[in-house]
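When the chains are written out, they are named A, B and C in that same order, and each has its own residue count from 1.
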């Protein structure tokens, strides 16, 4: 039966502009005039191993051989050293010594901010005027950047609450409301729930984002400190995020001791 | 390149003849496309000249050409491992036949009787007390633990680092080959043993942070006239060049003195180990060969044999003792 | 495209009822997509399949609907005391923790399934056999290891994510974002994000399987049509295999309603494709972080408890 719906539907199908049918806009500006950060991005640094400069080293698992070894990195910390309070530095070192047990990444826990940015996995930015969604391939972590202030965080969380605004062509994201559960890297760098992170994302050409994050936590550091690194657009044809649902991969590690022992 | 030759040839046409000049005349090297003196190509630093002057040559800093030829003949004959020794054990202990070795057949082109040029006696300067202590402790450890584990063996047996790589880049028992490449802001030295590549930036960037240590250290280069000067720091405390500490500060100088020769000079500065800096020179010769792949670790039966053999010896001596 | 041509000669071509009469024209995003952005909630008291007691009743009357809602809320209320402490404890959470909705669907249909007409999933013989075998296995091995537990208990996948996206016991919340070439759906449980490209790129290779499959979308008029393939054989939506094909349709039928229809095809499990329709209601939000795995005391508790029970039984206590 030809319904009004069908007619209206057909007409609007004809009238639909090409953009809605799926040519992703790669222009430098979004429709609302802001720098266009849409797309799939990934860093190339070794920051997730250790934010500070470090030579290569053997890994904690002998059977993994070179696969589990730590690659070298020139470091992403401005001023090279993270300004720990002396007692907090002792905690960091204890974290490192026991990292297989303590690093939340081992258990596929949410990575927090800024670590989510420099995990060795891509992430996708979906940018709208009121919200910017960042979906991370790692553990399908996600965060929504509120471009209109939603008020203070109602509860602490792993990924914090992100509030963004534009300063010229730089997206500035203020993140608060963290719990104390995440680490900054695999080297034991950590924080408490007093963590406050301010990120800056600035396009440098169509395929490169310059990223900075200023980190402060009065319980752990003597002063705020900053990391910076470029983030590169993933340019492969038809590139998309895939699933890294790692909970399944850590069940044996976390629950194997409760597994029923088969008879014999 | 052609333009410079054209200008120079107004003054001295012979300088731009190009081929076959010896190190004796002041020779202007060709330039790479981006204006650096050209060091590119495959080079070998094999030489029978020892690092330190032999005791019986103490009074002779330089050979005459005929003395050099005689020395070469004698050294090559004595070194030939295909000559039968006095007994089977000694024969077997020499391991490889002569075909496998390539220690060189010539002294350095300068005819100096040692690679060391400073101190003038061609010998290493005295060790500091700490340097001596460290050397003694290391020797004692090797005596007591010759093969407990891989870390007791030399870096060559472990396929980690060869003396030809260093730095400094010293000739060794075979494959003393290097290939040099030059790009706009970099000089790269591919070392055959063990496919190490030293990539030396020529800009003014600082060294790596002092907390970062590397087997080959961290090198920075710049040109002084026709000489490439390379400054290397950030060594690990396991590199131990001739017993050096991790604070070794090495300066190398590469000067192409004729089409077939690079004069390679290095100065070792390590106050924790030697009472004063010391300097050595090696002449590197153009090679017609190519650099081969040396897949050391991939074929490392040596390490397994040495350790397993040590364990077998322990077991059999334990059994013998138990009888 | 076939659908449009067939419509001209007067034959309805889609099994699901068409969206509400199009007096409502949705706003458009800056790049011309119908705007379905915002926070939505799909909690409802209407079950997926028609209950046996209502087999002959495809639709409630308004009065029947009200009565059903009242009854459902009473019966589901976890704060009601059970007969004894054991049955009380088995209720697990107090009512405050649940959020199953308070209304049936506005169409008053007695099931979310709109096709087949009987409101039931049309299992094939093979599908039923497989389900029965799986149920037998689960009965025999309820707690051997984590892989024997429900995906939700393992914090791997929630019914609200699917796809298809079905309401759950709480937090049936979604936030939709649109940018040129993409629709993204952030699903509160368990912070899954479905990023659906709108271009014509092919699906992932057939050898790549994912819990949420692999989705491709395009607009047909004001309806976003999303096709999903590449499911794993562990996703098991209502017993389906990894070869299940899912087609979802999102249409904003008024300012506060996103009508969500989905059609499931899996010849290895169902005798024919079947379709359901759930309205999603605009919600104030916000979406909270649901750090399921990070707080998963349930799995160690369930497994540890089972091991303790076995040990006690073996000790003859």
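Everything below uses one rule, namely that a contact is a pair of C-beta atoms (placed from the backbone, for glycine too) under 8 Å apart; a residue touches a chain by one contact, two chains touch by 3 or more.
What you see is a predicted model, and the numbers here were worked out from it, not measured in a lab.
Participant: Taking the mean of all protein CA atoms as the centre, name the chain whose own CA mean is closest to it.
Facilitator: Here the chain at the core of the arrangement is A.
Participant: As a test of understanding: of all chains, whose mean C-alpha position lies farthest from that of subunit A?
Facilitator: Greatest centre separation from subunit A goes to chain B.
Participant: Which integer distance in Å separates the CA centroid of subunit A from that of subunit B?
Facilitator: The answer is 47 Å.
Participant: At what distance in angstrom does the C-alpha mean of subunit C lie from that of subunit A?
Facilitator: 28
Participant: Please tell me the distance, in whole Å, between the geometric centres of subunit B and subunit C computed from their C-alpha atoms.
Facilitator: The separation of the two C-alpha centroids amounts to 70 Å.
Participant: Could you pull out the residues of subunit B that touch at least 2 other chains?
Facilitator: Counting only residues that touch two or more other chains, subunit B contributes none.
Participant: Residues of subunit C that contact two or more other chains, please.
Facilitator: In subunit C, no residue touches at least two other chains, as defined above.
Participant: Quick check: what residues of subunit A touch more than one other chain, meaning two or more?
Facilitator: none
Participant: Contact residues on subunit A for subunit B in the complex?
Facilitator: 52-55, 72, 74-75, 80
Participant: Mind listing the subunit A positions that touch subunit C in their complex?
Facilitator: Contact set of subunit A toward subunit C: 1-6, 8-10, 12-13, 16-17, 19-25, 30-32, 38, 104, 107-110, 124, 126-129, 131, 133, 135, 140-142, 144, 150, 154-155, 157-159, 181, 238, 240-243, 245, 247-248, 251-252, 254-256, 258-260.
Participant: Touching subunit A in the complex: which residues of subunit B?
Facilitator: These residues of subunit B touch subunit A: 208-209, 211-214, 236.
Participant: Taking the complex as given, what residues does subunit C use to touch subunit A?
Facilitator: 4, 7-8, 10, 12, 18-19, 21-22, 28-33, 37, 143-147, 154-157, 175, 177-182, 184, 186, 190-193, 195, 197-202, 204, 208, 210-212, 218-223, 286-289, 291, 293-294, 299-300, 303-304, 306-307, 310
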